[in-house]
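Here it is, the structure, as structure tokens.
Note that the chains take the letters A, B, C, D and E in the order they are written out, and that residue 1 is the start of every chain.
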Amino acid sequence: MIQIENLSIRLPGFVLRDICLHVTPGEFFTLLGPTGAGKTLILDALVGIIPVTGGHILINGREVTGLPPERREIGIVYQDNALFPHLSVGENIRYGLRYRQKDRRKTGLNTDKLTEWLGIRHLSERSVLNLSGGEKQRVALARALATEPSVLLLDEPLSALDPNFRADIRDRLRRLHRETGVTVLMVTHDFTEAHFLARRTAILNRGRIEQTGPVREVFQRPVNPFVADFVGMKNIFPATLKRNVASVGTLRICLAAGATGDCIAIRPEDIRVLPADSADGTENHFPGEVTAVSSHGIYCDLCMQARDVHFRAILPYREVVASDLREGSRVTIAFDPADVHVLRSQP
Amino acid sequence: MIQIENLSIRLPGFVLRDICLHVTPGEFFTLLGPTGAGKTLILDALVGIIPVTGGHILINGREVTGLPPERREIGIVYQDNALFPHLSVGENIRYGLRYRQKDRRKTGLNTDKLTEWLGIRHLSERSVLNLSGGEKQRVALARALATEPSVLLLDEPLSALDPNFRADIRDRLRRLHRETGVTVLMVTHDFTEAHFLARRTAILNRGRIEQTGPVREVFQRPVNPFVADFVGMKNIFPATLKRNVASVGTLRICLAAGATGDCIAIRPEDIRVLPADSADGTENHFPGEVTAVSSHGIYCDLCMQARDVHFRAILPYREVVASDLREGSRVTIAFDPADVHVLRSQP
Amino acid sequence: MLWLTVSCSALIIAFILLPLTEMVLQPSLADLGETLRDRDVRRAIQLSIGTSGMAALIAFVFGTPFAYLLARKQFPGKKFLEGVVDLPIMIPHPIIGIAMLGIAGRNHWLGRLLCDAGIRIMGSVTGIVLVLTFVGLPFYINTVRAGFEAVPTRLEIVSRSLGASPAATFFRITFPLAWRSMVVGMIMCMARAVSEFGAVVIVAYHPMIAPVMIYERFTAYGLKYSQPVAVWLILVCLILFLLLRHFSA
Amino acid sequence: MLWLTVSCSALIIAFILLPLTEMVLQPSLADLGETLRDRDVRRAIQLSIGTSGMAALIAFVFGTPFAYLLARKQFPGKKFLEGVVDLPIMIPHPIIGIAMLGIAGRNHWLGRLLCDAGIRIMGSVTGIVLVLTFVGLPFYINTVRAGFEAVPTRLEIVSRSLGASPAATFFRITFPLAWRSMVVGMIMCMARAVSEFGAVVIVAYHPMIAPVMIYERFTAYGLKYSQPVAVWLILVCLILFLLLRHFSA
Amino acid sequence: GPCAARETVTVFHAGSLTVPFAQIEKDFEALHPDIDVQREAGGSTKMARMISELGKPADIMASADYKVIDKNLIPAKADWNIRFATNQLVLCYTDKSRFADQLSGDNWYDILLKKDVVWGHSDPNLDPCGYRSLMVLQLAEKHYGKPGLYDRLIANRPKENVRPKSVELVSLLKTGNMDYAWEYLSVAVQHGLKYLTLPDRINLGNYKEDDFYKQASVKVTGKKPGTQITRTGKSCTYGITLIKDAPNPKGAVLFMEYLLHPEKGLKVLQDMGQPPFIPARVSTDQVRSGLPQPLQPLTVVKP
């Protein structure tokens, strides 16, 4: 369990302000944000290597704000794995055991089980220098978990991996979390990782938390344009709202209910692309023209223009082929009023 | 135009063998492969900074195999942008002009137009040190194109960028290529980038080219399991083929036509997940059970088991919600015989 | 461009090697043998190696924590300390000797303190070791500091997060990863110390270290008698350093 | 742990600074003034600064290409060359002087060559500069080599791909990014050179550089007459180096 | 180690005594294994100053000019002075020296005047051999009747050719950095140099010519930089004394006893080309009676 209460850190050129985060026991929590948002700084404060200007950090209910790292009982895995290069795989994993011997007897989790789960048992005698990127990250995970820390901190553990190893480590992370029940705080800038792994997330921007909540909720209901953009709502328009109608350019878009705000956002996958002059019963359907089609493999990005508004939609590649959509195709752009989210750009 | 004929490079611990690549004038070509496949080595040979053991390199029909880099008329953009830190943005972009002055008059492409297109005209007087990652990469692109090289080489130009900048640079790259008509060879390990940008691609593995062809064709018709895996065909099974039936475990899978090979592969997005005990007219439908559902935001990964075979499918998130698919759901796994690809693991 | 580079490099190599090889090749084997049978020569070379080895050891003991401090911590006045560390390189050698004698005499409180403790600086092995430590320290500290800087701080953070105290972290992580630089630093420190003459000749003419003996023989007997000593000293040092470098590689 | 580190560091700082400050503070202002009015003293300090500055300049001209070679190229025997570069650090100073005289005399072909060209090494400014270059070179080359290594090779590759020749690349990219290390290297070289005594006293007793004068005054007249000269030399050097460092930062 | 346990006798001596004293040290230490003689050689004036001005601890001081002991050490640091050897100045050279094949007793000064001839001597301020070399040149001007010879010679000897002690010049001769050097006869013999002997009237080797020698005078620096004292010509006479606050007077007397013994130390000097006084001489009876007991029988009074 991690409680961060009103944490402030003042550095030359950067300020972290009033951070409050509660990670419940056994939860997998992700801290999301672009580069330079202050994510790593929060991890550093949790590890105990930078002095905090204000606020408190509690781990499992114990105040650790002033404690040195070795007395915090945390495990940490970095993007660059930070394995001890002069030790073998086994020595790396067993490194912390001598300092946490007593805890080990209690729960009975042992390194054998851990290395078994992570599929690195056979590597025990090997030097860590000759491992693949994925193996290195698994060893780093085993090392962090071997001491059975109260919490596990992950600093973009997947970012530096080749795509083929990334999925493997991601899968193992999820399984490990389920099987050990350890509390995890993961820092990343990739929202899909949060989807896959976490229940709740917080979005950090320029030293402030913009939104906290369940991953799917943040994904579906961002509170402001920054979060909306960050979670991939590519259709974000300044709008004038009057009751349940939003005016965007010369378009009038229906909302599910009256709301106040100055922006609307629509997920690109919520936009349906229908044949020209057809409709499927929704209030919001506009004739438009495809301005660009970009393939991304399985799915395609469609840019469309309806009068003076540019929409972006994501469609499975096979649908694009089936409907023969290409630059210049005339289409109907449709979306449900429930999929139109109202945001405020100023809090 | 780039012609690489039977290029061989022998290094301690690595050998590049008999590489043949033809990039036609004005083409955008991607060289794909996992880390350590030898992609950067091919770029180094094209730039002219490592001696080749055998073979020839021609640029625009001119043999350049033995020429120093300054006489090859190539532009290069690296992942880490490699901007000259002591020069301003403008000085970086104009760096090569004095050496290629004569060519400039001919075509009339000037740096003003270039910086306009790349949206960095206002940065001209700025130091390159204070730019964002995306701005830096745009300056690097402008610098490489300012001398109007015969070919433009890109070494994973998007890999080091934050996701928010990545899409921007990718879009600009595509537009630049269209507007300048320059021949581009891009190295990457990300297949979706190839989809978006390139017409043709080559897959490199351990110093050898595994497959060359149009991106969509390599994506749809990989010639061997390595390429299949690399392009994301998650269902790759060793199979015994008899006429147009493949036996995988205890399942018998119909093929569109008789073929020889020892493996079959099915794209995860080609697998349809239907309600239990239903069918949609295809020959291949098997009762199965969902073993795992992982969300990745817009789409979900489904792991399913049909008897002794594990299938993986990708479904839009909304479909998963609509069909209420979860661990343990009983389903019918269906796919068209035309979507079953026959591969040979040995060439 | 390449041609210029290579010829400049060749010139420098020749400039360094030519005088030395000429000197090493001049003495006959008979001279070399006779010199080695001279007890004073053997004693001087032993003393040179011993005192500079001692200096390297002192640099190791006291310099290692300092190098660590410089590598890891940021604090006001750090630039100044870095300057102080380099100071012994630029202080003219006779001044070093004079300055040492200045505080070693009975006229200085420190000298009286040392004297009362029975420690003599002038004309003693202690004095030689002190002077050699003074001139060798910058080489040790700068080398080891770079060695510590090459150990990623993250490794130390991870070690501490796993429960190791700062001391345990140093001995289990930092030291094993930086000890090579310490060996190299000690070699550099010893190399610098074994070459010192000007400061030592002021502090201790006797007991005679090899450079002082070489100087004495050169000025009193001429080249013929100083060269063999020089050759032996160079050979002993070379072998020692090659062994150490080999051992640490 | 921290306490140990800090006390070791304090000890080292005191060990370096105490003798020097004591020496600098002992001469009265009157003594200092009188010393400065002595034309011989002024000439010796000027000669010291001049010759070591000259050595730094020579190191810059010939050492820069060599440092670039070591930083950028891999070739068989590179380890050996690196060892050769460090050699002047470990060669005892009197041996350096002796070796230089060994090839400068008429008994050596090189000496005859120089002699016929009218170049004298013994007792000449040329000889002093040569010896100082010898002892200062490693400092210049090692510093500048590190400076070149800090310039990413990619920048040079990009420059060449844009049409710049190797020479143009060096002057437009490598040099502007590494010149600071050259200034620091020249400072280090000059600092080492200005401190040399043992090698110079053998090659040239006259003209007298400051360290030789300090040694002579100390042995012939005692502390009282050598200290003021030492203080002036240290002050002049310090000011010079601070200025240079400031200028290059 | 075993070395540290031995008592030491510190001897400061003129550079020109280095070779014989090294032999004497070896013989003496063989006889007294418990004593380590530690010698420090330099220009005599400088060595004397190191004792008188710097207070460097020493037991014995042997000077190439006994006057140095009188002027620098007595009475503060020493009480008496024993003259124990003589020497003379010669012009040393090697096969490779320029014009060596033409050198003779009649034209040496012409050769030293040649522009491309490099010749030198030791520092008159630090080493008696240095001012004695200058005295030889002054006396040569008178002896050969060539007014201005001295100044012309000095004008052809750049300051760079002056080294702190005479024996250093031997190396310069042998490496070919120098063509001619002024040395003591003993040094020339000990180092196997070729040398030109000069007439007794100018070589400072015969005390009977002291009246002629007196005409030469050289100004040298005094006790601090800038002050000057004058040295006048006198035959080369070596003096030795015991330093008053010697750390090891017992061992020092033992060594001196060995050195002054006609069959021991003085014989070594003789063998190495340096004529000793046998027996050694002191100036007055009063001085003789003030000597340590064991030394008295080894000396005679001769003013």
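In this section, contacts are C-beta pairs under 8 Å (C-beta built on N, C-alpha and C of every residue); 3 or more make two chains touch, one makes a residue touch a chain.
In UniProt terms the chains read A, B = ABC transporter domain-containing protein.
Owing to the predicted nature of the structure, the values given are computational and were not obtained by experimental measurement.
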Partner chains shared by chain A and chain D (touch criterion as defined above): B, C
Interface with more contacting C-beta pairs, comparing C-E to A-C: A-C
Chain centre separation (chain A, chain E; CA means) in Å: 91
Separation of chain B from chain D, taking each centre as the mean of its C-alpha atoms, in whole Å: 55
Whole-Å gap separating chain C and chain D, where each centre is the average of the chain's CA atoms: 17
Set of chain E residues in contact with two or more other chains: 164, 171, 174-175
Where chain C touches two or more other chains, by residue: 165-166, 218, 223, 226
Chains touching one another, given as label pairs in label order: A-B, A-C, B-D, C-D, C-E, D-E
Of chain C, residues touching chain D in the complex: 1-2, 4-6, 8-9, 11-13, 15-20, 22-23, 26, 61-66, 68-69, 81, 84-96, 98-103, 108, 110, 133-134, 137, 139, 141, 165-167, 170, 188, 191-192, 194-198, 201-202, 210-211, 214-215, 218, 223, 226-227, 230, 233-234, 237, 241
Interfacial residue positions of chain D with respect to chain E in the complex: 38, 40, 98, 101-102, 104-108, 111, 121-124, 204-207, 216-223, 225
Of chain E, residues touching chain D in the complex: 42, 45-46, 49-50, 53-54, 96, 123, 125-126, 158-164, 171-172, 174-178, 221, 223-226
Chain A residues within the chain B interface of the complex: 34-35, 133, 162-164, 174, 189-192, 195-196, 216, 219, 229-232, 267, 269, 294-299, 314, 316-318
Contacting residues of chain D [partner chain B, same complex]: 152, 154-155, 157-166, 168, 172-173, 176-177
